[in-house]
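Consider the two complexes below, in which chain A is the common component and chain B and chain C are the respective partners.
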Partner chain A sequence: MKAYKLKKEYLKEYLKSLEDFGEVWGPIKKGEIDVYEKITDYSLLNLNALRPILPLKKFLIPPKFNTFFYTKDGKYENALKEVKRKIVFGVHPCEIHALLTLDRLYKERYPDYYYLTHRKSTWIIALSCVPDDKCFARSLNTHFVEEGFDLGFTDLEDYYLVWVGSSEGDDLLRHRLDLFDEKITSKDLNRYIEWRKWRDNQYQLNLDLTAMPDIMELSYDLEIWNEIGERCLSCGTCSMICPTCTCFNIADHLGIDDEPGRRERFWDSCMLKIFALVAGGHNFREKRVDRVKLWYTHKLKAFITEFGKPACVGCGRCIANCPVNINVAEITKILKGEEVKK
Partner chain B sequence: MSENLYEPIPMRIVRRYDLVENVRFFQVRPVEIERALTINYKPGQFMMISLFGVGEAPFSISSSPSRPGLLEFGIRKIGVLTEELFKLKENEIIHIRGPYGNGFPIEKMYGYNLIIVAGGLGAVPLRSLLLYALDNRDLFKKIYFLYGARRPNEMLFLREFLELKEREDLECLLTVDKDDTGSWTEKIGVVTELFKYLKDIDPQKTYAAVCGPPVMYRFVIDKLVNLQIPKHQILMTLERRMRCGMGKCGHCVIGSIYTCVDGPVFTYWDVLHMKDLI
Partner chain C sequence: MDKEKKLKIGFYEFSGCAGDLLTIIHNEDYLLKVWNSAEIISFRLATSKRDEKANLDIAFVEGSITAEEQIEELRKIREKSRILIALGTCASFGGLQSMYSHLGDFSSRFNSIYPHKFTILKPIESKPLESYVKVDYFIPGCPIDFKLFLFNFTRLLRNLPVELPSYPVCIECKWQENNCLLLKKIPCLGPLTRAGCQARCPTHNLPCVGCFGPYEDLNLPSWLKTLQENNIPFKELEKKIRMFFGVKVKEILSKLKNKK
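So, the complex of A and B:
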């Protein structure tokens, strides 16, 4: 993978120039949280944002979108023909790992037209990060990434080392080749090695997820789950913010007067009570504890069976956002009988 | 541009009639006749029926691919979509996508005895397997079809199944819990009582397929296990309310599996490991 250098003072000018390709999006601070937003004022870009509240999935499977339009005479048409290209800057390695997992889920068996259409139009500029006390990507080996981005920026103090990850990335870079320095010196190399060593040691939260599928299986009927179930509010926040949660529902909406009707696909959550309700009124997961168990089974067991790795990427969003402090770190520790910090 | 697998095909209702109260037979055919023979499916698979303006829901296919061209469903009026579906008349258009699901492992069942055990509405998907086996009679050894309903007027495809009794190459056993007509000529009792008519079956060379109301499974499975049919040769089909049918939306997840792509047909051995099953 070829690499270049970009002086930090050129960053904003460079990103702005990418508007020639499409909309440029990146993390912007809004009150307490960071949000991926379309950038109009580049001084608002928060380069230290660790976890924008809604992860990258919001570009690939928007929270709600129309799939079909239909009319009373029985005709229908595809409602999503193309998507405006978006260049998303500031995506951290853990999120790209989530993206690679979603790619497998949505591109392999029964390729999902809507995902593919959005995916093709979403170009990714990765950015290195320094973890806080909620990041545990190193425990999941998702703290570093070698694919899944078009350009990859590593912050080396006064400049970025810029990796070219795809043909599209190469186009992006060549667009303003004048701003980049092609010459990588041994000093640069040493600085990169030092940075890697330093940064990988900044993780304060380290989890041992060895044998997690077995632990999920063996703990399934333990009383401890009922306590967790009691605590859960069934609010669905964890599903909305988790970078690998992409369950959805589909509903038809009738048009008013001459408007066409529309079939809409929208995010859903297995934590919500009616998720497993079927016609006739039977609910397969009526109890909160059953829904919590399913969520964690899916994160820490099912994906390992299916894709060889957990669905959790260690981004820390559940730690930061669950109102009652149920999260992957907490659950792992509880199941393993470790001391949990209150 | 890639193909949109969520896009349904318009189909015409060519025939519909009530099988029993609130359960209706729908026979449909793609509006474009050239497409009619291109729909390939396996017994045990399901399709998503779509009514624009109402929604989509999964339904088991009741016809057999050995009789191509028409798709058949047996549908109970139970929710919003089926209410609307029941209002449609012959020659009206619905939309369908699929087929989905694994279906029965038909090729593995060649050369084996078949015991098909249905209860109530469970006859809908099992009819597909039964017709397939009868149309390819030489590929299977003995065939038993055991079907139980609560009362004679709740038995689906009654005339069709009574006619099967005239065939000598299968054992068709029908039973009702209670005869309130006084004119029922078949067996009376629960479906498990029909097992006494099964004779000289080599369990290692037998596949069983079960579908019915949840309460039926345990008793039927007990009988099959008693016959020493291996757990991985006892097949059952499960139902969940899929939204996509393609292993994406998550609604049909049971523990680690997706009912829509890993199922809906599972072996008893698979099912033993599943959580929140019923």
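So, the complex of A and C:
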């Protein structure tokens, strides 16, 4: 991976120049939160954003989209033919780990046309971050990333160290090579090493998740889950904002008069009662507590069995967004019998 | 479809603001398509041409029942319709006009507002259609969401059952990338309310008021607890639930009492 340097004062000019490749997206403030948005005014870009409310999955499998149209004479028409290229700036390592997880699901295991089409057109510019009290990526070893981005920016105070992660990234960089400095000195190396050490120690939330698969198994029928089940609002927020939740439902919108029908795909959540309802009226997870258990079992246990690592990347979105404070940190602490702050 | 016989459909209204039928009329791009795809037997807000004797495949009925005379009228519609649909929150749950139905005797409440002799109709406590006749499907909303109406209208034309979002407003709210108002301890009814509105109010930074009626799997104790812990009194929260949940309030609150 070749590295370059970019002076901070050139950042906005450089990003703007990338509009030659496609739309430039990045985190923008919306009230108290951040959202990934198409950037038109580069002064609005929030370089300190930690977790845009909807993660990268919103680009790859949007919350709601048409898959195809159909007409009365039995003809079908694909609804997703071309996607405008998006260059997403400001993506943090934990989110890229989540992206790699989605890739394994929707690129490798179950190649999904819609995912692949969006994925091809979504280029990623990673940006290093300094954690807040909700980040726990270090506990999951997702606080650094070696793949899954086209360009990677590391913030070293007055300049960025820019890593080239793919040939597309190389194209992006060469587009304005004049802004970059190719010469990396031993001073830069030392600064980088120092920065990594410093940044590693900035995590205030550290969870020991190593025994979680066993603990999930052992706790499965225990009373402690009931209080969590009673607290859950079944609002589904956790599944919407989690970067590795990708369940979906489909609905056919029948045409009216001469209008074609369309099949719509939209995000679903295993936290909803209807999710495990099957024909004949049986519901596998009728009780709220069973649904909460399933969510956490899937994230912290089942996924490891299947993919060798948990489905949690430590981004802290569940901590920031659950209205009744049910999240990976809280669950881990409750199950391990550690003190829980409420 | 063209060769098949068009379904006979009627639109009727009882007590309410007519907002649900107006929602259909105000979507001009679709009004003719709605008209072309069925035989409209009655739609007083849209046409004076109507046939009150014909049997109907589907009757869409908006508004709640607030007068004795309306009960008879509703029964007549029921008798001549294969499928009867409660359209909007008034028809489904009783509407705003049933908000205070728990506060003692109806006639004393009525007389305090209308002290003079009232002779047009014989007024009674506001109740949803279901209190008097069998309702096949509900399409709630105050007013209804046109997209949700159209989705179900086209299903009904093909003899498919009505399908409502089986999730709360919060799901659509997250799709709109809003920060949760409950996190700021603002009593938002999102997690208690059925989706279908595209989370319109929270998207404008206003708490959900529950106008689509209750979400079937709502967790009231936890919702109350999280707000009461922040010094919002039960009475205030109860009032918010009563605004749109109509006759469903009793059922929801009784579960709460059983718990305690």
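Observations on the structure shown:
The rule we apply is simple: the second predicted complex is superposed on the first by the 342 of 342 C-alpha atoms of A that agree within 3 Å, B and C clash if a C-alpha of one lies under 4 Å from a C-alpha of the other, contacts with A are read in each partner's own complex, and residues count from 1 in each chain.
The definition used in the following text is that contacts are C-beta pairs under 8 Å (C-beta built on N, C-alpha and C of every residue); 3 or more make two chains touch, one makes a residue touch a chain.
All figures in this text were calculated on a predicted structure; none of them were measured in a lab.
Looking at the shared chain after the overlay, A:251 reaches both chain B and chain C. With both structures placed on the common chain, the touch criterion links A:270 to chain B but leaves chain C unconnected.
In the superposed pair of complexes, A:305 makes contact with chain B only, with no contact to chain C. When the two complexes are overlaid on their common chain A, residue A:57 makes contact with neither chain B nor chain C. Of the two partner chains placed by the overlay, only chain B lies in contact with A:294; chain C stays clear of it.
Applying the stated contact rule after C-alpha superposition, one finds that A:113 touches chain B and leaves chain C untouched.
Residue contacts after overlaying the shared chain place A:235 against chain C, while chain B stays out of touching range.
Shared-chain residue A:279: touches chain B; no touch with chain C.
Under the contact criterion defined above, the residues of chain A that touch both chain B in one complex and chain C in the other are 251, 254, 261.
Interface residues of chain B facing chain A in the complex, by the touch rule stated above, are 2-7, 10, 52-57, 78-79, 81-82, 93, 95, 239-241, 243-244, 246-251, 253-257, 261, 275-276, 278.
Against chain A, the residues of chain C that register as touching in their complex are 1, 30, 32-34, 36-37, 150-151, 153-155, 157-158, 160, 163, 166-168, 170-171, 174-175, 177-180, 182-183, 190-191, 205, 216-219, 221-223, 225-226.
Listing the residues of chain A that touch chain C in their complex gives 30-33, 35, 53-54, 63-64, 72, 230-237, 240-241, 251, 253-259, 261, 267, 269, 272-274, 288, 321, 323-324.
Across the complex, chain A meets chain B through its residues 67-68, 70, 74, 76, 78, 105-106, 109-114, 116-117, 220, 246-252, 254, 261, 263, 268, 270, 275-280, 284-285, 290, 293-294, 297-298, 301-302, 305-306.
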